[in-house]
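Dropping the structures in below, format is structure tokens.
After this come two complexes, each holding subunit A, first together with subunit B and then together with subunit C.
Right after this comes the complex of A and B.
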């Protein structure tokens, strides 16, 4: 150390001093890059690698080429894995229906964006479902949906609807039941995003619009919503991601059942490779890769649209 | 060394565990690391006492016990056995051991089974054997059977059914009285596996059942269809509670406690829950699952819980001594007693608790299970087949008309899994 400093002092300027501007950003980035590589990039590569093997997670892995993918997607003479088919369609249902959280969150935030006594309390109460754990949400809703004694069953019973097996016991309704449970916290999340967005709405523009006679729906559509675009974008991103990683609610509420009708890709992957009876690491990795590409599609879209925004801003 | 161990162990236990003066003689030293899945309150106390007693017997040995949640252990065991494994772990008997045996993570302890002290365990040897070697020792097992509301049976003038015809006739009377014959919670699937074990083994016999478990018979076989046809008789008459796919086995229990259903096909561990639910021994009774095909000998589900030595164990001598200690008649009598695990001891020389249900189960398994002992659907069938299979069984119980589709799916899975 001491010799380094004397050397540095003797030379006109040290090597680091000369390259400081170029190097410092990389030094600051290094820890993040290291961890991102170790915990994200390298595991993705490993998943790809494992997906070409048959491996029980304990012994030796055997190379099987693309056999896992062929089985999963039903390439060749075999049928598509039915579990995969169910999971894939359920994922799509999640993606589409979960987006309802955005208009619902917007509606609640518009409703709460006023100054009356105790509004902070109301806001926090509406935000409450997002604060509690997904596991708790799942438990509460599974009691709510209980056949015979559950509140939901009694309410729909009043109007003469009887869901055979209960909401979560009927393969036709179970996924929708879980999505509805997921919407509860997700709506709260979107609401808080919009509430902060509404704070940033320019009062002068609202004033000007009012002078021009804009009211109600027109005011919302042409004046408020364009200003909420950043909030909408973020709400869209977190909702899509939330829909794709829907795992805990399914695990708590139905455990993938009845007869596997509520599986989604992430749950399917867990079940095949890591659960009590799952010893197919290769197959699970293949599912992970498929899920990765679905996510990549959205991620690329998000990055692209953020890039467009940046360009426009300049 | 084992004979020295055995005699001094026996002497020690006889003299009371606390006197450890001669313990130095064993030469057991260092640390014995145990990971156990006995996390429920009563088993936990048993395991902690076992570890403390064994520790006290050996001056130079420290027992380091870690208790893991029982459900969590089913997935954690893989990681635990991988790097820096403990010496002794808990697991389950039969096919459930296969992945760990195949991966070389369990130690072959066939030599331990040759020890004369193990003679009392001969009846359980088969369940611990894979590839002709033994991979662990059992420490407890329990019977399955039909637990029923005696008071309701008496009210309706019913007797315990011995044959399928009596069973169906009983059930009709129960349904006519506005109740359900059986409660079941199939949300976590395995309860349906118990029903399949019984109906299949009673219809086609133990050997057929095990052939099916080993993948030697097609799921679309007519004999399998006969099993489902018998099962369907109960389903079609409305014997099972509605919406059972929404309940766990505990959530299905109130139906029986409240008298809305009269019986439950379950393991003996349910007795504690029934008693907690307020049923007295006058209201609760037990009968063996009835005969369906008189030509086959009755086989019984009696799952066995086990101890194993990890192949990477550091202190093998101490681990083996611990397994001998756990299976010794005295310890077996103690840990399976009514105030401890409340189950059946694996050592023939151990005494059986005088609890009514344990006695009945012991009697049944000793004298009336000549067909064989099944370990349970998810322990006899390979993991993947069990998971696909139980899902199909649950679907069958809710939509019996889907049977052809279910069997085709299971057959497809069989061809892939056992290749």
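Right after this comes the complex of A and C.
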């Protein structure tokens, strides 16, 4: 009896031992995959499903087919949802203007890439807006932009510019004010990426190019930037994702106003599904799906680039 | 080195550079400096319209004292800590294992699973919002710290796995082959061979995730309400409505809320930057 169990155990261990290399990765992957599936992969599918329903989040969901999308995009006899239109254009503004963080970050990193006393501290202090939460950045900038009493209003007042209602109170300027606030930490991030990149630039190539008479802008463009390509790629990825994720700043600084002029898709979606306007989960999910497809375009591109790299590796 | 070292340039240029550095820094940090000045001013300055001038009296201890003793701020800070620390441990543990599996072994679907983790990490939060909120309510975890931690662990695992896997891939593979030849089991290879080599990656990720989670606002608003479970990023809104238009207290509160990740950054700077810039150099 006892020998039978030991035999059984040995056989089992033998089976595991024999297949160890095949089984171990799955054992190690299981917890992460479980968590990721439950909280990320499956919810994406569920959102698609919900977007075809009308649902208040509590009662029964009613199937409405593509009605949510038709209302959103204005297919058929209706106009495109004006809030959607505003949000979409604002998202585009965010995308384009947020990319300014990359050249600005590069500029600051070139400025700071020296070896003078205290430069390390300077680099950290330049970087540190990135560490602060966007909520605090938003608050700080909304006080900076205060009408009349705000530092910004006083500075532009010196050159005779007067923005009616203040930067954030004026529908024509509010979005740009928020984007500027977002650019602050994002530029810091790009700067640190480029500082690291510059650190690894091959000094021999730089010297050789110098002997050939290259300097200044030409040197930057033909010798330095090609070597900074990996840093630029990451800067692109994080900046584009950051631009499309913008939510905290808008929520804190203007809450979508004035007159809904600063809404973006992520904020619009939140507003439709979880705010005083009621719990329109189905409509919200449809907005999220549209945003997802915009993002997917970039995700596919990023993955494609990474895959090209991977193929070269082991 | 590019640009050309300042030491090789004319003394005039060197002097300009030395003067420009602190000036640029002050301009760059102007919004923060302004808020700090706000936070040490007395209430009376804002009434009299002295927003940006010299404070008429030094009220730093008074203002920060009020933040700590007359509001829910300490509670929110404590909640943030209770959310952040378990998330860091959970996400780092799960992704160290997943990264080991994806970095060391060759099997069908390896790259597919890896790319799934990366893709999931880029997804907009909004597409997860409704189902995750629903799931959390269903589990009875709405407005609890556990509910937030579970989600954060799951979501951060995506980014962490990308990081860990690339790090492990760069380790010398012959080390593992040698251990296998010695007959060491795969689990022991993970624990005794790979994990000790991963210390820099573990440290870098821990600091990064600490900052990301501490600064999270969206999920705090979606999954919690009220001072029982809300972290400081969400609590600051309530704090601000308590002290409506009291700029000296609101700014002191904001500085307190921002401080822990800032302290973390300055203490662990090397790891933090190593984590952020992973992949910026080939």
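In this text, the second predicted complex is superposed on the first by the 295 of 314 C-alpha atoms of A that agree within 3 Å, B and C clash if a C-alpha of one lies under 4 Å from a C-alpha of the other, contacts with A are read in each partner's own complex, and residues count from 1 in each chain.
Throughout what follows, a residue touches a chain if its C-beta (ideal position, glycine included) is under 8 Å from a C-beta of that chain, and two chains touch if they have at least 3 such contacts.
Keep in mind that this is a model prediction, so the values were computed, not measured.
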Touching partner for A:80 - first (subunit B), second (subunit C), both, neither: neither
Partner chain(s) touched by A:278 [first = subunit B, second = subunit C, both, neither]: first
Which of subunit B and subunit C A:269 touches, first, second, both or neither: second
Which superposed partner A:168 touches (first subunit B, second subunit C, both, neither): first
First, second, both or neither for A:36, with subunit B first and subunit C second: second
Touched partner set for A:59, first subunit B, second subunit C, both or neither: first
Subunit B versus subunit C, judged by how many residues of subunit A each one touches: C
Touched partner set for A:44, first subunit B, second subunit C, both or neither: second
Shared subunit A contacts, counted only where both subunit B and subunit C touch the same residue: 57, 146, 274
Contact set on subunit B toward subunit A in their complex: 74-75, 78, 81-82, 99-100, 102-105, 187-189, 242-243, 245-246, 378, 383-384, 386-387, 391-392, 394-395, 398, 409
Subunit A residues within the subunit B interface of the complex: 56-59, 82, 145-148, 165-166, 168-169, 254-255, 257-260, 271, 274-280
Residues of subunit C defined as touching subunit A within the complex: 1-7, 17-18, 21, 24-25, 28-32, 34-35, 38, 49, 51-52, 94-95, 97-98, 100-102, 104-105, 107, 110-111, 113, 115-120, 122-135, 150-151, 153-155, 157-158, 161, 169, 173, 185-187, 190, 211, 214-215, 217-218, 221-222, 233, 236-237, 240, 247, 250-251, 254-255, 257-258, 261-262, 264-266, 269, 273, 276-277, 279-282
In the complex, subunit A residues that touch subunit C: 20-22, 24-29, 31-33, 35-36, 38-44, 46-47, 50, 57, 110-111, 113-116, 122, 124-129, 131-136, 139-141, 143-144, 146, 149-151, 154, 184, 189, 192-193, 196-201, 203, 206, 215, 219-220, 223-224, 230-231, 234, 241, 244-245, 247-248, 251-252, 265-266, 269-270, 273-274, 281, 284-285, 287-289, 291-292, 295, 298-299, 302-303, 306-307, 310, 313-314
